[in-house]
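Worksheet: the structure to be examined is printed underneath.
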Amino acid sequence: MKKIFPITNAVIAVISGLLVVLGYFFPTAFGGIQATLIGWAIILAAFGLLLGVFNLFSVHWKKARNQGTGQIYSLVLLISLGLTIVLASISGPTGALSLWLFNTFQVPVEISLLAVLAIVLVYAGARLLARRPKWNTILFLVTVLVVLLGTVPLLFIGEITPLNALRDWITQVPAIAGARGLLIGVALGTVATGLRILIGSDRPYGG
Amino acid sequence: MQQVLSLLSDYLGVLFLILCLGLILFYIFSGRITEKISMRSIQAFKHFRREVDLAVEAGKRLHISLGRGSINELQGGSAFIGLTILDRCARAASNSDRPPVTTSGDGIIMILSQDSLQNTYHSLATEDRYDPTSARLTGLTPLAYAAGAMPPIHDDYVSANILAGHFGSEVALLTEAGERNRSLTVGGSDSISAQAVLYATSDEPLLGEELYAAGAYLGEGTAHTASLQMQDIVRWILVVSIVLGAILKLLGILS
Amino acid sequence: MAEIICPLCGKPNPPELDECQYCQAPLKSGGFLPSAPEDIEAEGTSPLSEVEDKAGAEPSTPKPAAYPEESIPDWLKATEAGFTQPSEEEPEATPPEDLTEQIDSIINPPDSTPTSQEGAVDDDWLDSLLADAGAGEPEALSNEEEPAEKSEVEPEPSAEEIEQEVSPKEEQTASQELFDKPDWLANLEASSTIKLEGGMFGAEPGQEEIAPKEVPEEESPEPIDQPDWLNKVLPEEQPESAEEPEEGLAAAELPTWLEALRPPEATSPTGPVEDISSAEVVTAGPLSGLRGVISAQPSAIRPQKPPTYSIKLRVTDEQQARMQMMEELLADEGKPKPLPAQHVITSQNILRLIIAIVLLLPMVWMIIGKRQQTSMPQPGNVPGVVDFTQSIQNLPPGAVVLVAFDYEAGFAGEMNLAVTNVISQLMNKNAYLTLVSTISSGPAMAESVIKATYTELGGAQEGYVDYANLGYIPGGTMGLLGLVNSPKSILPYSLDGSNVWAGAPLNSITSIEGFSAVVVMTNDPDTARIWIEQAGPKLLGAGTPLLIVTSAQAEPLIRPYFKSSPAQVQGLIAGLTGGIAYARTFGNTQVNGEWDAFSAGITISVLILLIGSIAGVLVKMLPDNRKKES
Amino acid sequence: MLEQLAQLADPIGAVIGFLLTVMVLSYIIGDNFLFRLAVHIFIGVASGYAAVLILYNVLWYQVLVPVLQILSGDKFTDLTSYVISVVPAVILGFWMFTKASPRTARWGTPVLAFLAGVGAATVVVGAIRGTIFPQVGASVNILNIQSSPPELNKLVGWFINGLIILVGTVTTLIYFNFGIKRQEEGVPVQRSVFMGYLSTVGQGFIVITLGVLFTGVYIATLTSLIDRIRFLWDVILRFI
């Protein structure tokens, strides 16, 4: 019994993956079954989201019940989660109440979080050379400075035209070359990871 | 010639897939992972292994974040490799005073990480130490996920953060929390914007496809080493194709 | 017929049994004493005769096979009867004095001096006695030195019974027979003396004093043949302790926890089991003159329930304390150790604060002063803006446009300027906007922008009507692939539940190239790439423009698609620069100091990066930092 | 911008937005109570809204509405396709709920195996058709003579740029080569000289790309910071 479960799980993963791959490459023969399986996967993703919200609720419910620093934060999260689900369900995703919640709470906090990142990134950039004193770090910083200087006319100095041109060139030639190499490399890694699952060697589903 | 080329281009995808699959199976079953080939050293994985041991000794916790990629999308590949790293970390640090905690921004990935933790504890016969809330979904939007993953870094005596999955620029919030908490951050992602941010803010960034080599460098089995060799061979095939193709295009031979 | 009492364990047994049903001791063959005569004839051989044959150590007069009745002395029969049927038969009296004198002479031979350590003295004279009696191996007898154990087991007749049983006439005959008395009797006396030694008639509390009698000296009796059954029994009972511990092996030091586990009775006796020096001497009966003889009163021999050993450990306080400490140690093992908290004020936090202040102050100054001195970006200078404008201008009035709201709420601050201007241009064209989104915050963002833009355009209160918000495309890449092929099957209803595909203008659209234009608003370069790679080829084929509004972070990765030939993206607006440039194309310039603040922020950032990098390297090259580094 | 419009319509929303912005920006000073409170409120609202929207779009429209239409006798176009494409998914979905508790988690693994299989297939095909082929195609076409500019001076620039992009793409790929041939025993593992040079050039291109992308992200965050300062100032102006 101990051996049967993992093997059946692996067989399920391999067969369903194989059908979807064939559906992509031979749409006439396998297109229908591929669309069905993908449709199931999309609906299951929604059920997965329900389990995710349940996990979020149980993690913070446990924290709210235990004494400790995180107690009040978890209480606040549980209340805002519950209220939002109730109000958004009543008024619908684009109802007036939902939009009010969205514009009053979600938009300001998300923009502010990105604003905090501005300080984080400039501080990290300032310390990078001291942290990693290598030639590629210097090249990295020079690139950042050139692109920044070429983006906008500087205070009191105004626009430095050659820098604009250099910025455009850097962003359109070497950056694109590196980006293509990186994207192809990442795609190769993704193919290798996916294939290991399709041959049943990797079993992220706990087989 | 034209028909052959168009037929070829229709089934190029299948041929490419069969080539990759064949190379992986060849290296797995022929055991021809020749001793002459060894892997270049990647600093991040060295630090990663040492940090896992230090976490166990110091009685601190490992935090593994799997990003917000959904497995129904292209970004799922990085989530799968994150689960492989989670399995390795949980196995090494499960007997620490403070077992590892994992955060993610997608429901399915959260369930898979719970499964991975539970199976690790089960295989080490310490299932009673498994706590389902050690695998957490911290938020359903990118910035909510990042903001929700910051408190565990600050509160739970984390000594090392391993960020492996699909992130955006919000990953800087996690590295900032790690920086303020003075814990090591090893990070990799399939998104190159996130790689740029990790390059500047994390202690040990994983560039490009180095994240996908984690399985082989952490000793997860021959399949990982075999697929790494497949990547190297296909890489050279693509390099030759690009150079030859460009030359033929320049000379106008290929239209 | 009356029950036979087993001489070994004292339990009553049915007469027909040969052996005691409890301790398998022979009943008929007379235990210590020959059993009743009829049993012997019945068996044809008497165990004693066997004993004698076996004993055979000494050349003794050949005895008839069966031991005839007449040769058993009356006094002995009486005593045996006393053992087996105390109540019914009248025991034949045997003169106690002669017996006791005999036994006294044995107990107190002329040269021996009783000492306090009786155990040691008894052993020597006993050995010598046995040697005289010729009872086989001395060990067999020496094994009898353990009176304590035997006395516990052997039910012996009490002094009174013996006195009653032995009548004066029998005493006379008994004393003559003593000289040529049979071996078994000698053994009996030897063992009984041992018992006496062992305190057979221990001083029972409350018994009257029996004055010790002078026992006349006698020659040492013939050597007693050791009955075979005794050899069988005795070796088994040979306690280990009898073997001399080999030199060199120190007595094992038992660990305290093992010591605590051992039941109290099992502790080996260090001193004499019972101190009989104070016991009185028996004055009457065959055992008179002996000290510490256990009285044969029924009250003396109380059938006891086998002692129950309590399993409750005897644990001392110290051991209790040690156990407590062990438990605390184990409990501590599981508890994670509290680690020192990080202190808040550190040099890094201070540096971070300084950088924040240096960066924020000039920008706040620009915003507050609404300063507008920095030259604004020209639409022509920003690649992609002019093309975007033209693509929108080329749209026919009432065109059906697919607008994808794929940017996170966090990037609203950067992108909303461009987004609201694009939407207002489309509204000016009365375009029918079909709103979709591949992220969960998209539909709410779309609805908010439509309402706010229409209100800003001074539109009617009930808002813009020519649009349908189809909501969220589940499944990411897969969902988008489905939308490209057949939007209706992926998003059959709008968010307010109406079937928009049934009526105009969407009823004429079967796939994505049916739209007049596709505008994708995203901050994520991957999302933009998926749109370009999945929808691009079909749109390019149908001549439908693919226009992208994006953030500054995605611009480097999307621009190559705009610059490729043929261009996969027909219009591109990126970040604040693109937004301001696009707004200026139709005169919508804002004076809120944002552009000057942006210029100040970039300039200050460049200075921070330069100074920070140089200072960091210099600090690192300081001698003490270098030492710390090495 | 959006907030100005919100202020006109809703002063309460503006004040709440103001407070939340200040609480989040306080993280610049350090992790504190206000920041955590604001973040936890935000996580609750954002996750709650996302859950409602996805359930609305998927479970409500794709699963429940067709059932209501059947019950209300409304002409429903294709019952069979509904039974094929939705009913099994709903069954699998409820089966996946066994993952909610550790005790029954083991029973739900087949559903996740199915999802992992479909996900892996999508990932593999998406990477091949969505990234590798387009990027390789673009790299091959970089020096396509047919797309060359007719003017001579532009032609030279086009050729040089194309050559640089080609070299950059190839050397970047070569830099990530994992396997290294071991010369002999005892000699430390190193790349061959030629490979070493190519990798170094590749590393340069990678670092430039990351620099450009880092700057893009920084500019986006800086713009958000400016937007927040303007919003705070606008709300202050409104209530002074």
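The chains carry the letters A, B, C and D, assigned in the order they are written, with residues numbered from 1 in each.
By our rule, contacts are C-beta pairs under 8 Å (C-beta built on N, C-alpha and C of every residue); 3 or more make two chains touch, one makes a residue touch a chain.
Quick caveat: nothing in here was measured; it's all calculated off a predicted structure.
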- Task: Name the chain with the Cα centroid closest to the overall protein Cα centroid.
- Result: B
- Write out the two chains that share the greatest number of C-beta pairs in contact. A-D
- So which chain is farthest from chain B, going by the mean of the CA atoms in each chain? C
- Mean-CA-position distance for chain D and chain A (Å): 4
- Task: Indicate the whole-number Å distance between the mean C-alpha point of chain B and the mean C-alpha point of chain C.
- Result: 37
- Message: Rounded to a whole Å, what is the gap between the Cα centroids of chain A and chain C?
- Response: 43
- Item | Centroid spacing, where centroids are CA-atom means, of chain A and chain B in whole angstrom | 13
- Message: Among all residues of chain A, which ones touch two or more of the remaining chains?
- Response: 21, 24-25, 35, 38, 41-42, 44-46, 48-51, 53, 56, 73, 92-93, 98, 102-103, 106-107, 109-111, 113-119, 121-122, 125, 128, 131, 140-141, 144, 148, 151, 171-172, 175-176, 179, 181-186, 188, 190-191, 193-195, 197-198, 204-206
- Message: At least two partner chains per residue is the criterion; list those residues in chain D.
- Response: 2, 6, 28, 30, 36, 39, 42-43, 46-47, 49-51, 53-54, 56-58, 62, 96, 99, 109, 112, 115-116, 118-120, 122-132, 136, 138-139, 141, 166, 169-170, 172-173, 175-176, 206-207, 209-214, 216-222, 224-225, 227-228
- Query: Residues of chain C touching 2+ other chains?
  - Reply: 349, 352, 356, 408-413, 440-441, 443-444, 448, 471, 474-475, 477-478, 495, 523, 530, 552-557, 560, 598, 601-602, 605
- Query: Line, ring, star, complete or other: which describes how these chains touch one another?
  - Reply: complete
- Query: In the complex formed with chain D, which residues of chain B make contact?
  - Reply: 12-13, 16-17, 35-41, 71-74, 76-77, 80, 108, 111-112, 114-115, 118, 130, 132, 138-141, 143-144, 147-148, 150-151, 154, 169, 172, 177, 180, 192-193, 195-197, 199-200, 207-210, 213, 216, 228-229, 231-232, 235-236, 238-239, 241-243, 245-247, 249-252, 254-255
- Message: Quick check on the complex: what are the chain B residues that touch chain A?
- Response: 11, 13-14, 17, 20-21, 24-25, 28, 70, 72, 74, 77-78, 80-81, 83-84, 106-108, 110-112, 114-116, 118-119, 132-133, 135-141, 143, 146-147, 151, 155, 169-170, 172-173, 175-176, 179, 190, 192, 195, 197, 199-201, 203, 207-209, 211-213, 215, 221, 223-224, 227-228, 230-231, 234-235, 238
- Query: In their complex, what parts of chain D are in touch with chain A?
  - Reply: 2-3, 6, 10, 12-13, 16-17, 20-21, 24-25, 27-28, 36-59, 62-63, 84-86, 88-90, 92-94, 96-97, 99-100, 106, 109-132, 135-136, 138-139, 161, 164-173, 175-176, 202-215, 217-222, 224-225, 227-228, 231
- chain B residues touching chain C in their complex are 58-60, 70, 72-75, 97-98, 140-143, 157, 168-170, 179-182, 191-193
- Query: Inside the complex, what are the residues of chain A that reach chain B?
  - Reply: 21, 24-25, 38, 41-42, 44-45, 48-53, 55-56, 58-59, 62, 69-70, 73, 106, 109-110, 113-114, 116-117, 120-121, 124-125, 128, 131, 140, 179, 181-186, 188-199, 201-202, 204-206
